[in-house]
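Before we start, here is the structure in question, set down as C-alpha cells.
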Amino acid sequence: MNLNTFLLALAGLVLAPLLGGLAAGVDRVVTARLQSRLGPPLLQPFFDVGKLMSKAIAPASHWQGLFVRWALAASLASDVLLAAGGDVLMCFFVQAASASFVALGAFCGSSPYSKLGAQRELFQLLAYEPVFLVAILCMAKAAGGFDAFSIMAAQGPLLLRLPLVVPGLVFVVLVKLRKSPFDIAASHHMHQEVVRGVYTDYAGRDFALLELAHWADVTVVLWICSFLWATGPLQMLATGLAFLFAALIIDNISARLTWRTMLKRTAPLTLILATANLVWLYLE
Amino acid sequence: MRMLPTVLANLFAKAATRNYPHFVRESFEHARGELVNDIKGCIFCGTCARKCPSQCLTVARGAAGDKTEGAWTLEFFACVGCGVCVDACPTRCLSQKATHRPVAVERAVITLTGRLPERPARKDNAAGKAADKTEA
Amino acid sequence: MARTVIPFGPQHPVLPEPIHLSLVLEDEKVVEALPTLGYVHRGLEMLAVKRDYNQMIQIVERVCGICSMIHSLCYCQGIEEMMGLEAPRRARMLRVVWSELHRLHSHLLWLGLFADSFGFESLFMQLWKIRERVMDLNEATTGNRVIVSVNVVGGVRADLDEGQVRWIKDTLVEVEASIRSLQSTIMNDSTVCKRTKGIGVLTKQAAHDLGAAGPMLRGSGIAQDMRQLKYAGFDELAFEPVVETAGDCWARSAVRFREALQSIDLVRQALDKLEPGDLAVKAKGRPEGEVITRVEQPRGECLYYLKGNGSLFLERVRIRTPTFANIPPLAAILPGLDFADVPVVVLSIDPCISCTER
Amino acid sequence: MIEAYIGLLIFWPLAAGLACLGLRGPGARSALVLATGAVLAAGAVGLATQTPLALNPAFLSCATALHVAQAAAFLFPAYFLFQGIREKHGLVMLFASAQLALAAYGEFGLPAPRAAQDAVFCDGLALALVLVASLVGSLISIFALPYMQRHEEHLHLKTSRQPQFFLILLAFLGLMNGLALAGDLRLFAAFFEGTTLCSYLLIGHDRTAEAKKSALRALWMNCMGGMFLHAGILLAQKQFGLAGIRELASPALWAGATLLPLALILVAACVKAAQLPFQAWLLGAMVAPTPVSALLHSSTMVKVGVFVCLRLAPVLEGTTTGRILTLAGALTFLGASALALGQSNAKKILAYSTAANLGLIIACAGIGTPTAIAAGVVLLVIHAVTKGLLFLCVGDMEQTVGSRDLEDLRGILAKTPLTALAASAGAMAMILPPLGMLAGKWAALEAASASPAAMVMLAVGSALGVVCWVRFSGTLMGGVAVGPQPAHASGLTSGPILALLAGAVGLGMAAPWLNALLLPAGQGSPLAGGWGLLPPLFATAMLAWIAGLKVLGRQSLQPLAAPYVGGLPQARPGSFVGALGRNWTLSEGNEYAPELFGEAKLTRLAGALAIALLLALVGGALI
Amino acid sequence: MFGSFLRASQVKSPWLLHFDCGSCNGCDIETLACLTPVYDVERFGVINVGNPRHADVLVVTGTVNPRNAAVLKNLYDQMPTPKLVIAVGACGCSGGVFREAPNVLGGIDKVIPVDVYVPGCPAKPEAIMDAVVTGLGKLKAILEASK
C-alpha cells in the first residue's frame, strides 16, 4: 500500500460521509421544492446529526451501541475501499455488513416496531442485494476488472453497454435512500405503520452515528452508480446526481409499496433485466 | 407516474410557502383573534361572563374592597374566541383583534380594573383606569 | 408460525387521533384486531347540565373540529324543531354554503391523510396546499379557519356580502381545477391502485348489516345520504348521492373525491340561490320535549337526540356519530389484512375518534 | 516419525472407540475421549509441519491393506444389503446389490490395476480435511460427553448406549483421516463406505421410528452414491489401468479422454455432500443427537463429498463437466439458501445452509482454477469450524429450552449467555466480511466469471444467506427472557464451544493467509488481487471491535429505556396494557414468507432442476 | 468549535412528536397544517417524528383525561433530554371549553411541565410556529446558561 492509496483512502474516510450529508441536504431541499415548499437549509442534515450527538438517552438495549459502531465502521470501510480503488464487490459486501449490523441492533431493541423494522430491513436487503451484485458483475465484465480503478478506466461510458442495469440501480438507490415506493423498513419522511421501523429504538448519539453511516452508504451507492458514465470526475458527479434526482422524483410520484410487492415483483423484474444485460455482455 | 406534471410544475413554480415570521400576511378583516376589552367603556354588567360558553370570564363589582372599582378577569387560556361575549356586550367595549393572541410561557390570567359607572350608568363618563395585571 | 403482537396506537404516527388497536399478526397478516377507545373521552354531553342551550352550541361545535359547523347545524336544527322555529331562507342557504365548505375541506384533509397512509407524501402536501384555499374562505367569511361558529338557534350569525360571494366563486373555480388535476393520480395511479384496490373490501350486504355510514356505505354501493332528507337549504338544490360499488379502499376514496367536487357544486348552487333576507329569527321561550335530528357529515350520518325540560338547560344531549357506526365494519375487515395495509384501511373509514368518544 | 503420526491419526480413534465399548464408566470414557482429542490434535499438527508429503507407510501400502480394502468392497455392501432385507427397504437392497455386483465385476472381471504411486498422499487439501476431522471432530466428541449424559437422562434409558455411540463417533474420525490421506482408490473407496456405515449407525442411534426412517434414507442415498463411486472407479480402472488418486487427478491424463468416470464419481460426491436433490438424507439426520449432526455437517460425512470434488477439480477446469458441476453447485447454493430462509427450525436452517455452502464449494471445484480451488479449501475449513460451532450451540440451547425452534429461542441470551452469543457470532461469521466464509464467497463469485448463470445464482444465494443468518443471530439476541434460568454449563460444554468460536473468528480473520497455506500442492498463486486491501480492512474491523466493546462496557451500566409501545403503560416488562384492559405480552415472530420460500414447493422445483443438471453432468461427459 | 456547532445544532433541529391528548381535532389539523406547503415548518428544521425517542419537542393538543394522562406521561418520559413541551389550544392550556366536563382533568400541565402555551381555539398555525420559535429561544437561553 503506497502513500497515494493511503491518501485516497483517507479522503474517502473523511469526504464520503460529508458528501452523503450534502446529498441528504439536497434531498431535503429538492423534495421540499417538488412539494411546493421552501424546505430547510441545505446543511440541515448536519444540524440534525449535531443535535442528536448532544442528546442524553437511555439506550433500548445494551448491545445497540456496539452494533451501531460496527455498522459505522463497516460503512466507512466500504467508502475507504472504494476510494482506494479496491474491489467493488468486496466494497459491496462490506456495506451489506453495515446493513446487517443495523438490523441486528434493531433486533436487540425492545419495541415491536424495531423488530418488525429489522425483519423488513432484511427483506429489503434480500431484494436489492442480488440486483446490485449483478449490476456490479456487469460493470466488471464490461470494464474487465473488479477493482474500482479499472472500472473507472473503462473505455467510454459503460452506460451504453449496460442500459438494462439502470432500473436495477435506481431500485437500489431508492431502497438505500429509504424513498417511496421502497421505504419499507424505515420511512424517510412521513411515517408509516412501522413508525421509524428499524430505527425506532436508536436514539441520541447512537442514532447520529447511524445517520453518518447512512450518509456513507449513500455515497457508496451513488458512486457505484456513477461508474456508468465514468469518463471524468464531472461526468461521474453528474451521473450520481442524476440517480439522486431520479430517486427524488420517483419518491414524489409514487405511493409506498409493501415488501411483498417488492420481493415478488420489483426485485425479480430488475434482476431479470440486469441478468439479461449480463448475458448480453457474454454473447457480445 | 401521473403525479409527474404536478411535481415538476411545483419545482419550477414559486413555493406556496409564506415565509412566516419573516413575512406576515395581513389578517382577514373579521378574523376572530385576540379578545380585548376597552375597559374604559366597560360597565361591569357581567353579561359577557354569563353568556360565555367557556365560562372563562369573571366580572366582579366592588373588587378590592373599593365599592367604586370593578374587575373584569379573562382566563385567556380557556377562551375559545367564539365572540359570543363580543356580540352580547351592551357597551360594545369588547372586541376581537384580527390577529391571534401571542403565545405565553407561563400560565396567566388577565385582570382589568376600572371605575364603576355612577348610577344611573352613563357610558361617556365612565372614566376607566386600565391596568394589565397578570398573575401566575 | 409465530405470532407477533403489535400495539397500534394510541400514539402512532399514522393515527391522527388516539385509538388503540391490539393487533395480533401472523406472517405479517392480521389475525386479531381488538380496538380500545377512551383516550379522547371528555364527557361533553354531560356539560348540558352546566351550560345553557345557547352555550351548548359552542360545546357541540367542539365535539369535533373537522366538521364542527355541521355539528352545531344539527344541534341548532334540533332545538329549532323543538321550539317550533324555522330559520329564514337566507340562513338556510348560508348553512349549506358553510357546511359544504366544511365537507370540502374535510374531504381534502382526508384524501391527504389517506395518501400519507400509503406513503405518498407529495400527494398529501398537494392536497393540503389546495385545502388552505378553502380554509381561507372559512376564515375570511366567518372569522375562524376551523371552528366557524356561525350557527345560532334560529339562523346564522355571519353573512356574506356581494364581494365575498364573487370571491368564493372565483376561488372555487381555481380549487376545482387543482383538485381535478389530481384526479388521475388518486383514481388511476398504478402504485396508488396497488395499495387501495381490492384492499379492505366491505360488501354491500355487510355494509348494510353492520350499519356502515357515509362514504363507507356509499363506497359499498348503497345510495344513502342524509342530505336526501333535504334539511337546511337542500330542498332547493339538485343533489344525488355519490355511489361506488367496489367496496374497497379505492371506492371509498373515489366517493370522497367525487363528493369534494360535488360540494363545490352545491356551494355554487346555494350561492346562486342567495336572496336578501333575515339571518335569524329570534328564539323565544325555552326548549321542551324530545327530538332526534340527523344530518350528513363528511363521515356519514350524524344523529342528535335532544331532550329539553322547559328550562334553559337541556336535560339530555345524546350524539351518535358516523365513526361510531363505522367501527363494526372496520373490525370486520381488518382480519386477514397485511400489516402494511392496516393504516390504509383504518384511515379509509375516515376515523374520527373525538366525536365517537365525545 | 511421520508414519507414526499417520498411524495414530487413523488407528488411535478406532482403538479408543473399541476401548470405550469395553470401559463402561463415564469417567474412563471422558478420559479416553479427551485423550483421543489430544492425540489427534498432536497428530494433525505434526502432519501439518511436514506437508506436502507422499509416503508409503507399511500399514497402508502392504498387500494386506489392499486385501482388507478389497474385502471391504464386499463386506460393506453385504451388511447394507442385510440391513435392507431386515428392514424390508427396497432401495437399500437395490443399491447394495448393485454395489456388490460392481465389486464382483471389479474383482473378477477386470485386470488388477497398477498400484498407486503413494499409499499416502498429503497435500494442503488432504491436510485441511485431516485438521478438520481431527480438531473439530474431537471437540465435538468432547462436547458429546456431557450432552449424551443429559440426552440419556432425558430419554430415561435403562442401560446406557453411550459406549456404542462413542465407538462409532471416534471410529468415524479415524475413517475420515484415512479417507483424506488414502492415495489408492480402493483404499479410498473402503473408507468412503465406512463413513456411510458410521453415519447410518449414528443417525439411527436413538432407535425411534423417525430415527430409523432417517437412517434408512441416509443409507439408501449413500448406497446409491457408493454405487456411482464404484462405477466411476471401475471405469477409470478399465480406461487407464490406474488406482492412484494423484495420477487420476492430473489433467494430463484426461487429455482427449471422456470424463464419464469422473462424472460418476462427482455424482457420488454430490450425494455425500447432500446436494440437491439429495439433501433429504442430511435433513433427516437432524433427528440424531446433536453431536451427530454436528459431526456429519461440519467435519465428516458431507466434507467427503466436497473433498472428492476439490481433489478432482484440476481436471475440471474449462471442461463441460466442470461447467455443469459449477451450475449444479450454484443451484444448490441458491436453492438450499432459499429453503433455509423459509425455516424456523434452527437445525433445519443449519442443515440447509450446510447443503448451500457445500454447493458453493462444489461450484468452486467445478470452476477448477487454482484461485477457485483455493477458495474452496478455505471454505471447507472455515465452514467446518463455524458449522460445528453452530450445531453445538443449537444443541446446547435446545437442551436448555427444550425446543429447537428459532421462535422459542428468543430470550435465550438471558438464559445461556455464552452459548447464545457464540451462536450469534457463529451465524454472523457465516456472512460477515472480512471473515473467511464471505471471503470465500467473494472469491468464488469473481472466479465464476466464466459462467454468468452461476454468478447470478451465487449472487442471489448470497443475499438469501445474509438474510437468513442475520435473522438467526438477531432472534437469539432479542426477546425478553421468561421463566426460570436453568444453568448447567460444564467445562466440557463450554470448552468446545469456546474453542470453536475462537477458531471460527480467528480462522475467519486469517482467511487470506490460511488460503496460502492450504493450497493444493503444486497449484498456483493465492487468491487474486483484491486481498491487497483486506489487511487495512481487518485493521478497521479490529478497531471497530474494540471501540464497540468499550461502548458496550459503558452502556451495560446505563438503565434501559422503556420500550416504545404507542405510549401505553406497561404493567411488567415485555407487555403492555392494551385492548380489553388486558395485559398483552409483547411477542414477535419472524417473517418466513412461506408463499415465497415454502419448503414443499421449492424442494420440488429446485430438485427437478438439480436432477436435470446431474443428468447433464453425466450426459455431458459422454460427448 | 465542534462544541459550539453542537450547541447551535440543538436549536436548529427541533424534531417534534405530536400527541393528540383528547383534542377535538381542531388543533390537530392546524398542527398538521404547519407541516404542509403554505406554512412548512421544515424551514426551521422541524421534522414530525412519530417516535418519542427521536423527538425534541412534544406538541400536545387537547385535554387530559384519566386514561390518556398515563400515555402522555409515558411519551414525555421516553423523550431524551433536553426536551420542550408545547401545549396547543385552549384545551391543552387549560382544558378550554371542556374544563368542567366530567371526564376532563384540565390542561396538560396537570401531568407534565409545559414550556410554551399556545392559546386559541383552535390555535392558528402561525401561533404554533411562534410557539416553536419561542420554545427554541427558551432552550437556547437554558443552554447558554449551562455553558
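Worth a mention:
Each chain carries a letter (A, B, C, D and E) given by its place in the written order, and its residues are counted from 1.
We adopt the following convention: contacts are C-beta pairs under 8 Å (C-beta built on N, C-alpha and C of every residue); 3 or more make two chains touch, one makes a residue touch a chain.
The structure displayed is predicted, hence computed values, not measured ones.
With steps allowed only between chains in touch, the distance from chain B over to chain C comes to 1. When C-beta pairs in contact are tallied for every pair of chains, the largest tally goes to A-D. Centroid distances from chain B, each centroid being the mean of CA atoms, peak for D.
Closest chain to the protein centre (all Cα atoms averaged), using per-chain Cα means: A.
Using the mean of the Cα atoms as each chain's centre, the chain most removed from chain C is D. In this assembly, the C-alpha centroid of chain D lies 59 Å from the C-alpha centroid of chain E. The centroid of the Cα atoms in chain C and the matching centroid in chain E are 27 Å apart.
Averaging Cα coordinates per chain places chain B and chain D 82 Å apart.
Look at where the CA atoms of chain A average out and do the same for chain E: the two points lie 33 Å apart. Chain A has residues 32, 34-39, 57-58, 60, 112-113, 115-116, 189, 191, 195, 200-201, 203, 252-254 in contact with two or more other chains.
Along chain C, residues 4-5, 7-8, 10-14, 28, 58-59, 62, 120, 122-126, 129, 132, 147, 189 each make contact with two or more other chains. In chain B, the residues touching two or more other chains are 1-3, 7, 10, 15-17, 19, 53-55, 80-82.
Pairwise, the chains that touch each other are A-B, A-C, A-D, A-E, B-C, B-E, C-D, C-E, D-E.
Only residues 51, 54-59, 62, 120, 122-123, 126, 129, 132, 136, 139-140, 142-144, 147, 149, 157, 181-182, 184-185, 188-190 of chain C touch chain B when the two sit together in their complex.
On the side of chain A, the complex with chain D involves touching residues 1, 9, 57-67, 69-70, 72-74, 76-77, 80-81, 84, 86-87, 89-90, 93-94, 96-97, 100, 103-104, 106-116, 118-119, 122-123, 125-126, 129-130, 133-134, 137, 140-141, 146-147, 195, 200-201, 203, 263-264, 271, 275, 278-279, 281-282. The touching residues of chain E, counted against chain B in their complex, run 37-40, 43, 90, 93-97, 99-100, 107, 109, 115-121, 123-124, 126-127, 129-131, 133-134, 138. Looking at the complex, you find that chain D touches chain E at residues 561-562, 564, 566-569.
Residue ranges on chain C touching chain D, taken from their complex, read 1-5, 7-12, 20-22, 25-28, 34-36.
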